[in-house]
Amino acid sequence: MTELIDHDYFAGDGDDLHVVGTSVTRADALGHVTGRTQFFEDLLLADCLHLKMHRSERHHALLKRVDVSGALEVPGVVRVLTHEDVPENWYTVLRLIGVEPNDQPVLPEDRVLWRGEPIVAVVAETEASALEGAARVEVEYEDLPAVLTMEEALTEDAPIIKPHGANCFIYEGHPCRRIRFGNVEHAFAQADHVFEWRYESEPIEHAPVETTGCIVVPQPNGRLKIHSNTQAAFFTLDNTALIIGGPFNRLQLVGGTVGGGFGGKVDVIVEPIACLAALATNRPVEYVYSRLEEMQVSSTRSAEIFVVKDGVMADGRIVARKVTCYMEAGAYTGHTTYGVTKCAAHMPGPYSIPNVWVDAYCVYTNRTPTGPMRGFGVTNADFALETQMDRIARALEMDPLELRLKNAYRDGDLKAHRKVAEGAALVEVIQRAAELTGHELAEEYERMSSLTHAGVGV
Amino acid sequence: MSVLHGRGYAAVNYPTGMNLGGDPSQALIHATTTGTFVIALSSTDLGQGLKTVIPQIAAETLGLPVEYILLDTADTDTGPHCMGTFASRATHRVGNAVIMAAREARQAMLEVAALELGAEPEELATDGSGFVFVEDDPERRIFIVDLALAAHFKHGRTLSGRGIFLKEHHDPVPETGEMDPDSCQAHACTVADVEVDDETGEVTVLKLFNVYELGRVINPALVRQQIEGGAYMGMAHALYETTEPYYPKRDHLPSNFGEYVLPGPAEAPEMESVVIERPSSTGPYGAKGIGEMTANSPIAAIGNAIYDACGVRLTTRPFTPERVLRGLDALKS
Amino acid sequence: MLETVHVPPSVDEALLALRDGAVLMGGGTTVMPQVNTMPVEFTEVVSLRRAGISGIEVVDAVATVGATTTIAEIGADERLAFLRPVVQTFASPPLRNLATIGGNLFVPQPGGDFGVCLLALDATVAVAGPAGTRDVGVAEVLEHGVAAGEVVTAVSFPVPADGTFFYRKAMRRRYNSAAIVSVAAVLVREAGVVRSARVVLGGAGSRPVRAKAAEHALVGKPLDDASVAAAATAALADATTFDDAFASAWYRSRVLPVHFRRALLGG
Amino acid sequence: MPSRVIELVVNGRHRELLVRPGMSLLGALRDGLGLTGAKRGCADGSCGACTVMLDGKPVLSCLVAVETVDGAAVRTVEGMAPDGPLTELQQAFVDGFATQCGFCTPGILMAAEALLAENPEPTREEVVRAISGSVCRCTGYTAIVDAILAGAEARRGVTV
């Protein structure tokens, strides 16, 4: 195991530290190897009820009739919940940071917008009864035209599936988040080469081994204690409180030991309805996703499309980068509008490019609502940008690392989002990677540093 | 049949903290009669290591061994607010909040020690051993347990502190996209060596070289876990993962870990990882966030390595054997 | 909803328990996922775990394997060492300690690895029912299953001579995955020339497929690049590949000849 | 729908528990006996987090109807270090930073324990094969395989 930290670069002042910088044994390792770490589902309650959902079988349809009588006849079924049981049925999780409108129902009222959308919650003594009950709910649909791709969603005559009248999120009157820096068209005209390529990425499931879930336990003092594997305790508590109504301090959320999150456990999707079920029955209620639900119902990383157009000089300097990107929100906004803005903020990648234009769309379709995943808004962007750099290097017959070093951003550079860069180190990680892999760099590139612009033919 | 070898590169940066800020975290800390400082949070550990890293930061600030720090987290009745664990923010935000709280607690600790040792707080020092001592006369010292008992029962002093870290939120300018998205940027360069079976399109990742710059490393072993665990996830993203194998058609959707094709233990590539430190101006002891970026650069590095090996340029992820083989067939025709 | 799990101590009692609508369970790898996660219609399950029909006998080079013998037990038996490549690419160790050879006959492709092998081995299936026992060719069971109320009690097959059994299962990862395509073959050669050939394909239909065209292309020729190439192409005619989460029909057909050759000639 | 009394010898202790029809061994261990070391990741045999030892063999306990193994001997992760000191294998996982979220750890330890019981000096490939039924989404497996090899070596070192 090679020594991890190379202290030759940026020799810091870390010598007088005692604990920071040392490989302290994981505080949770002992519990993990003895099987005694407490995950939310390891709370064993004798009289716990189980909640299962009856889910939509259609991509996009009106709900003509929802008949729960069959479910109520199943032995062990205690309660059934529909939208009528949800005090504040319409929400969007980022309303906590000012995003609107509240475009998502906890349980739908007149239509479903994606296959798998929860319609009726069935609460029963055992999982088997809840599953049976959920299967006995009868729903009569009237299909509506479904929009299943982003391209389709943005065409002129596409059916509009969102109440605000567009199949994309509106950013302060614009259909997309925008970056306008310099003049890309002018720069394209001056460039020796112009390359435009397209990249696509399909949805990815977080697939934590522990599925999303919670147990809500009514407390003697009338409050509700939510045992949850959420990644964000108060974010979940506040959103849940807004949905179920009543005083915020009625809720307590405990957890913090999560069997893998990767961004998939911050959707506040199981806690609200489980709280309502606990209030309705005055008994503990567990609502945990099956593996099938985690795979096809829980949020995924969004499908994304990038079109990257670069103006490049013969010597490899990139003078213009125009990026059009489409991130699929699926049926509801969720976190995607934030992810799109984060994607735009990331552009044009770790390079100083004087002219940058970005149009980043948050697109709605009749598909499983997407959510944040590790590298939210950036992972698929980096796939596009770093494949683009490889293609430029090939086209110019330039060394791929030297092309990146030539364009790498440095301290003091103005980024496209107008922030002055500081603490840059792209040059150094590339140089160190070249050293690690025996990759020869020309002398001028060896000497480059993030601290100065020496050696860059600006 | 031949196996083609290729190498690919990718270099990336990644922001620390929720985009555009507005994501505070708070920490409370107090000593008990056991001489141990308890940190109260509502932050979560998804396996990224918060429960280990945060006590290290508190121990460093207090000047105590980490064994004298306890972390009590994720109870919204007892732990102060935290925005949540995502956006590579926890070490940075919670770390800064804990430093602020620990500094206040340390000051109270030094003041009580000064009373016990008959000296001025400014004359006192710690060396991580658990003792507070007069810098010029180290024999005049008191151990943290005795100090805590004196504080509780003799001097009536609470050894506690409060901390919060907030990067103010600013909305982007709609017309230009001007915004202040991050507290600092981490960096990485990944080099991937792959093998392509030109008869089946199967790609094997032989080795991943992971070079990172993460500001100050708080715990090297945990940093390696995130770098190499993330690089593996990047390989999984690159070559295997899709919830819709026939996207955009919604057919044959995987329902479990059998059908959702993921690489297994046999697919773990050899890895060599190196970290360089350029301490950040905003992070706790210069730390930057790492959790979210480590799956990113491997994807393009692997895609570029496939091109280097067999000339097939893959622009749709995942790079399945079918896509590689269709590319090879197209090159041949 | 499930109401009763019978654990009969004998086949006869299992047959009695198998009345209206009871579902048979071998290792549980098919039934328990349904019981655990789905609303099930059946109300009774009959487990064969303790019905006394496991164990391996080899007499005069004919193996008889009890229906509830687990895949792991087969993998541990030296007398059936030729099946080890099949066992090692069959799911994972903790699952192999549960899955049974009898149960595997009913698993659709691209699962059912042992159905592919037993068809290549020209196995016979012993079936017990209310009207007594019968022996039937494995092809029949693979194609039509058994009648309601019947129980597979054993499978028997000639142990192939050294060097005559060939097996390859192409997967998306090296262990614990379903077949993209699989090839199982028993080829008897004399003086370097193939005298008889039984070749079966997995991932080439909802059930294991006898690759008769491929067999025909092999018989009478030495086992070399030329004959195997011809047989590989012929195998495509036998196959009806399909789309699923692991691979598309296009991809299965495209790589079938490659894995066919690698199964018979290595590489 | 009558429940039944089932007897199991779990981690060396004779236990009796009342089980509903079709209850899995995993459900019996967790809900019946409060042994929550074995985890439910999928309940369909695809994740390995519920692996325990049944009569000496590693099995996916979610796929075993507990009524069909009345009287069996079961070993769970809680039985590895019942009275405190960790086994070499567990210590190797701690020292080797082979855990992150910890949800897959119990199942992998059981699969590894089963391997070492039969093969005290496994090759890397044999370790990889032994845990090929367990999904880990955090670590990328290498630290886990290294820890199993280190645990095996330490155990051999002790007994030799």
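Labels A, B, C and D are assigned to the chains in the order they are written; within every chain, residues are numbered from 1.
What we mean here is this: a residue touches a chain if its C-beta (ideal position, glycine included) is under 8 Å from a C-beta of that chain, and two chains touch if they have at least 3 such contacts.
A quick note: this is a predicted structure, and the numbers were derived from the prediction, not measured.
A.B. asks: Going by CA means, which chain is nearest the middle of everything shown?
C.D. replies: Taking the mean of all protein C-alpha atoms as reference, the closest chain is A.
A.B. asks: Given the contact rule stated at the top, which pair of chains has the most C-beta pairs in contact?
C.D. replies: Pair with the most C-beta pairs in contact: A-B.
A.B. asks: On a C-alpha centroid basis, what's the spacing between subunit B and subunit C, in Å?
C.D. replies: 47
A.B. asks: Counting only Cα atoms for the centres, state how far subunit A is from subunit C in Å.
C.D. replies: Centre-to-centre distance between subunit A and subunit C: 42 Å.
A.B. asks: So, what's the distance in Å between the C-alpha centres of subunit B and subunit A?
C.D. replies: 17
A.B. asks: Could you grab the centroid distance between subunit C and subunit D? Build each centroid from C-alpha atoms only and quote it in angstrom.
C.D. replies: 29
A.B. asks: Among the residues of subunit A, which ones contact at least 2 other chains?
C.D. replies: In subunit A, 23, 25-26, 28, 128, 207, 257-260, 262, 290-292 touch at least two other chains.
A.B. asks: For subunit C, write out the residues touching at least two other chains, lowest number first.
C.D. replies: Counting only residues that touch two or more other chains, subunit C contributes 1-2, 35, 37, 174-176.
A.B. asks: Check each residue of subunit D and list the ones that touch at least two other chains.
C.D. replies: Those would be 22, 41-47, 97, 101-102, 128-129, 132, 134-138.
A.B. asks: Okay, in this complex, where on subunit D does subunit C touch?
C.D. replies: 1, 21-22, 24, 43-45, 48, 51, 54, 57-60, 62-65, 67-70, 110-111, 114-115, 128-130, 132-134
A.B. asks: List the residues on subunit C that touch subunit D in their complex, please.
C.D. replies: 1-5, 7, 25, 27-29, 31-33, 35-37, 45, 47, 49-50, 72, 88, 91-95, 97-98, 174-176
A.B. asks: Please output the residues of subunit B touching subunit A within their complex, sorted ascending.
C.D. replies: Touch list, subunit B to subunit A: 7-15, 19-20, 22, 42-47, 49, 51-52, 55-57, 59-60, 63, 65-66, 71, 73-77, 79, 81-87, 127-128, 169, 172, 174-182, 184-185, 187-191, 209, 211-213, 215-224, 230, 233, 237, 241-244, 247-248, 250, 253-257, 260, 262, 272-281, 285-286, 288, 291-293, 295-297, 299-301, 303-304, 307, 313-318.
A.B. asks: Within their complex, state which residues of subunit A touch subunit B.
C.D. replies: Of all residues in subunit A, those touching subunit B are 2, 4-10, 12-14, 17-28, 59, 97, 115, 148-149, 171-174, 177-181, 197-205, 207, 230-235, 237, 251-263, 265-266, 291-292, 295-296, 300, 303, 338, 341-342, 344-346, 349-350, 358, 367-368, 372, 374-380, 382-383, 385-387, 389-391, 394, 400-401, 404, 408-409, 416-419, 421-426, 428-430, 432-433, 436-437, 439, 450.
A.B. asks: Residue numbers of subunit A touching subunit D in their complex, please.
C.D. replies: 23, 25-26, 28-39, 41-42, 44, 126, 128, 206-211, 257-260, 262, 290-291
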